[in-house]
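Note that chain A is present in both complexes that follow, paired respectively with chain B and with chain C.
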Partner chain A sequence: MIRLVPRTQFGFWPTVFPLLIALVLTIVVGFVVMLAMSEKPLSDIWTLLTFPWQARTASVQWGFVLQKTSYLAVIAVGLSIGFRANVWNIGAEGQFAFGSIAAFAGYLICGMPDTVWFLPVMLAFGVLGGVLWALIPAALRVIANTNELLVSLMLVYVAANVLNYVTTGPWKGDPKAGQAESDPIHHSLQIVSIIERTDFHWGVVISGGAILVLAFIVLFTIFGYSLRVAQNTPRAQRFAGFSPNMTIWLSFIISGAMAGLGGAVYLSAETGKLIQSENYLNGLGFTAIVIAFLGRLHPIGIVAAAFLISYVNVGATYVQSASGVDDAVADLVQVTALFAVLGTAFLARYRVVFGTQALLSERTAS
Partner chain B sequence: MSELIIQILAASMLLATPLLLAAIGELVVEKSGVINLGVEGMMLIGGLAGFIALYQLQTSICTLELDGVCFASDTSVNQLQYLGALVVAAVVGAAAAAVFGFLTQHFRANHIAAGLGLTVLGAGLSNSLGGNFFGVDYTAAIVAKVPALFPESWGDVPVLGPLLFAQNLLVPFSFVMLVAVWYFLSQTRAGLVVRAVGENHHSAYALGYPVILVRMLTIMFGGAMAGLAGAFIVIAQIAPKWTEGITVGKGWLALALILFATWRPGRVLLGAYIFGIVLALEPRLKAIFSNMSLELSYFLTALPYIVPVVVLVLISRNPVMIRRNAPASLGQAFEPRS
Partner chain C sequence: MNRALTTLLASALTFGAVVATPAQAETKVGFIYVGPPGDLGWTYRHDIGRQAVEAMDGFTTTALENVPEGPEAVEAITQLAETGHDLIFTTSFGFMDATNEVAGNYPDVKFEHATGYIRAHENVSTYSGRFYEGRVVQGYIAANITESNKIGYIASFPIPEVIRGINAFMLEAKKHNPDVEVEIVWVFTWFDPAKEAAAAQALIDNGADIIAAHTDSPAPMQIAEANGVKAYGQASNMSRFGETAHLVSTVDDWDSYYVERAIAVANGTWESQDSWWGFTKDGIGGEVGMVHLADYSNMPADVMAEAKAIEAALAAGDRHSFPCPIYMQDGNLAEDCANGEAHLTDGTLLGMNWYIEGIDGTIPQ
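After this line comes the complex of A and B, so read on.
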């Protein structure tokens, strides 16, 4: 007989142990998937695991990984604040888009400056844009008790349409381009690479800085503590002097700011211009939701999860080009990882007891 | 003018049906106290599965063959093959839902996290599998159009033709399911058990009802309906054609519908057709006022996503109605007390 007995003591092991099980499960399933999809599975798995060293230049591959990690982590850390408090902002993709739009608007409003000193202002515009877009679901939730999850999601599609509008209408650039796009921002405002010819650019550092600041607030300040308390005990949070409405406002402001920053950095570092939504938004805001859960809503976990998922994703793309194994492998691994993490989370809250021990513990419990 | 109205009505039936199908399924799920946010993901996976099934099942006759390689072929689909594809879509949808069910019911995972995961990853997985699933690129795959239930000439009958005879099999099916679900939930003993589980799972458990089993069954029913809804969008709505992210938020609209309907089947129907008409009006208004400003045109494109927000704001201001109809245990993890 198997029984689940609620844990009375929590510590390091009960938290980390389920994650290890999830990791092992993911690796096993990943192996099976590769066995099924590849003609020479062992060498392909080896390639997937060690692809940066297999590639002609390792730094280029590491650049891809770090770049992807930074976007996913910066959005996911922001989202995790709300998720802890059961405030569900799933519209980060829209706030990301609006961050880009606002950064570009700021660039135009300030008369298209051509100095790198304007970059912080442009990023600030992006943050502001993300926050403003996130404030809509927050306000509707507080004022009209509307479901913030659905509203924030609907606004993703609205934001995509705004992006399409500005790139085909008022800010339309080169009409001969194959897609609707704006004129590029001045090259001095385009974030440059730290290592030549790689995607490891200063934007990664900027996002990393934002993550560090937010992680510090969450982990080491009273304010962060009260946000974390909200996760399981809304009542305790009220004793700490936080109203539920305050939590909603703050969650959306923080997550919107992080997504907006991500959007502004993306505009400056990756494209240098706004492009119609189909070719500009690639689901980072949605993947970040998964990353937040994979990292168990903890900043360190989120950065680790973002890194691992980015590594597998870039690796799968590399394997696809090297030996033709479909990069759907990466998606399958992601699915497995998330479901393994969610499925083993209960082990942190319960002890599994077998056989006669179960009966004994039942007797002591009653 | 009246022709235009009938055209819009026929189109809105076509657009409302997937919303209705998915919402009926999710209604039963939520009535049993589970909130599954994975509707969009299950629709995407089910839709792709249905499309692949139809592609494999359709009759294909080669018309231009050279050295054993077929360069052009005539394809056709009959109702039986269509039915087969729908069954595949429903089964795959239910299987995806079963994963959610196992996680939330047996492994006690957070409903919201598991549902969101199902949606996000269902989107990613359907994109990558559809782009190249064992060597076939389904964005370029050609599948024959599904014939209407009735002889083609019947479609010319005024009013009834386009509204009734030319419609797809799933349109009448959605009405049948709506009535069936209403009857099941409000008139049968099994429906009462489902509602009891949703209202208070501890009491239901104490009475001896298998809470987890009931919820697993409703979750899988919801998944099957979502799979059908996805297959309808892919196969029947315009032409059989699959593209990435083809449902563009319809699964979320279905979830919004349930809040709008405050968990009552009749109002689900009303809401689905209101959304359907909004969706149907958009391209026609653009065609009629072809010289409208760019702002207005994009506003119209975004309207199907703005309307639900406005509707939710209006409906949510009345908390009494929500509290009266919302299942009391909705979204709460069930942990049997010992």
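After this line comes the complex of A and C, so read on.
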């Protein structure tokens, strides 16, 4: 006889133990996947785990990992605010794209400045663009009671088409480029690497700063406390001074701002120009949703999850380059991790009791 | 190098891993594909070339598929360099910036960029086929079998490579049938079956009875087949997609070039260069080139015979694809011809950004 009993006390182990189980499950499944996909699974798994030390240049590998981590984490931390309150913004990819578009628009509006001092303004335009794009599903939810999950998702495709429109229309750059793209922003506005020849650039630091600020507000301020309390139940929302609608507005503004910032940094650091959507967007906004849940909607967890998933992703491309194993293995590991973390989450909330003890506790409960 | 060596040693010591010393006998060749080899066109033909290298003793190959032409290309190319590849082929025009950027970071690795023109470092070569030679034969066929005198042309991007093809096609077609006209649709993609199909349908609805495409998928051929008009195969043999539509396929043939360059790296004789091979490597009947025509079909016997004769003359160097006199769209004689050249020079062809006389419309700027 096995029974699940709700926990009344939450300690360290009930929180960490399920995560450990999830980690073990993920490793086991990853191992099995590798056995199936690889001709020499043991050596490939070893490569996947230790690729920064096996590559020619360790700093290049860490650069890729940190770069990806920063984009995923900055978007995911923003999303987690809404997710805790059951406000479903799954359109971060679109807000990311619109952040890029708005940053580029700001650059044009301000007369294409050629000084690095304009960079903060350009990033602010990106934040604004992300917020504006996120306000659409929020407004439709509040005014017309539409499903914000669907609206925010659909707006991803609208944003992608806006990107395609501006790169083939008004902001079209060199037609000989072999892809639709805008002219580049001035090189002084392109974020540079901290360690030369790696992707560890100042954008990683900017994103990291934004994550820290948001994490501090959520964890250590009264506003953040009210937000967290408000998110638990509608009743608590009223006690905390938030109306349900206010929660929706705040969730979308914060997540849109973070995704928009990510998009502006991406424009400045990675491409230096807008490019047609299929070559510009690579699903960071969608992966960030997975990251938010892998990190249990907690800032520290999210950064850790973003790091782990980025590590596996970069490693998978490395293993593919080194021994030809398809890097789809990274997607499989990611999905497994998500299922494992969500699947074991109940262990944090329930105790598993066996045999007569189960009956006893049931009797006590009733 | 020292740093790489130390890193290798460090990892071997720290983790007790058995790190294989890079045996010089084995040359590692990497490929970056913009699409899947299953695209049955552009990438498929590059993968056939890769297999020719893989088949040789002492060579191993790796291919990364579906690499977008944006910032992700840098990571993919970097990882091939980081994993000890000696020679890396990046097989799409859009990898030009990424290839040169990564090449600057790995001076001991050789890079080969297909269809590009920038060689920013000593370790970068560029290569492409004179695909326009196939367009000459296509233009001849079109001039002789079209009934509506209207050709539909699906163009990808307004780069010299594509414009050259349109010009070669129309130059030859006009010679044999002055009434023939071309309608060009720019789709701004290399591979998008849905977009290509929509463009083909629009051209056919507008009266075209022959479809030429400078995109990679067999979709235009399938649309031509469904509408009972004719089309050419692009990049690979597409005859099976158009039983009654298929006229001839221009097939990319990278095998001999890839094998030659891989051997050059293994022998230490590799040098930065630009290679441009047509039906034959030297253009005068020598070794196999980078372009060949496959499966002439669905045309009268006399047209087919003459088309094959043109192909043979181009391969042997008996004639050129762009013989003077050539007049530009604005009516002026092309500069090379005015300078007394017998045909347009390679320099002019590589930078071609104008239409010949007889093509309506403007090139997107």
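Observations on the model:
In this section, the second predicted complex is superposed on the first by the 364 of 366 C-alpha atoms of A that agree within 3 Å, B and C clash if a C-alpha of one lies under 4 Å from a C-alpha of the other, contacts with A are read in each partner's own complex, and residues count from 1 in each chain.
FYI, a residue touches a chain if its C-beta (ideal position, glycine included) is under 8 Å from a C-beta of that chain, and two chains touch if they have at least 3 such contacts.
Keep in mind that what you see is a predicted model, and the values were worked out from it rather than measured.
In the superposition on chain A, contact of A:Leu149 is made with chain B only, not with chain C.
Contacts of A:Gln179 after superposition: chain C is touched, whereas chain B is not reached. Between chain B and chain C, it is B that contacts the larger number of residues in chain A.
In the overlay built on the shared chain, the residue A:Gln334 is in contact with chain B alone; chain C does not reach it. Legend: residue contacts after superposition of the two complexes on their common chain; A:Thr168 is shown touching both chain B and chain C. Residue contacts after overlaying the shared chain place A:Phe98 against neither chain B nor chain C. Contact with chain C, but none with chain B, is seen for A:Thr317 once the two complexes are overlaid on the shared chain. Across the two superposed structures, the residue set of chain A contacted by chain B and also by chain C is 168. Partner chain B is touched in their complex by these residues of chain A: 83, 86, 88, 90, 140, 144-147, 149-151, 153-158, 161-162, 164-165, 168-169, 283, 286-287, 289-290, 293, 326-328, 330-332, 334-335, 338-339, 342-346, 349-350, 362, 365-366.
Note for the complex: chain B touches chain A at residues 37, 99, 102-103, 107-110, 112-114, 116-117, 120-121, 123-125, 127-129, 131-133, 248-249, 252, 255-256, 259, 294-295, 298-299, 301-302, 304-306, 308-309, 312-313, 316-317, 319, 338.
Those residues of chain C that touch chain A in the complex are listed here as 3-4, 7-8, 10-11, 14-15, 17, 19, 30, 62-64, 68-72, 74-76, 78-85, 92-94, 96, 105-106, 157-160, 188, 190, 353, 363-365.
Those residues of chain A that touch chain C in the complex are listed here as 46, 50, 53-58, 60-61, 64, 168, 175-180, 197, 199, 270-271, 275-276, 278-280, 282, 314, 317-318, 320-324.
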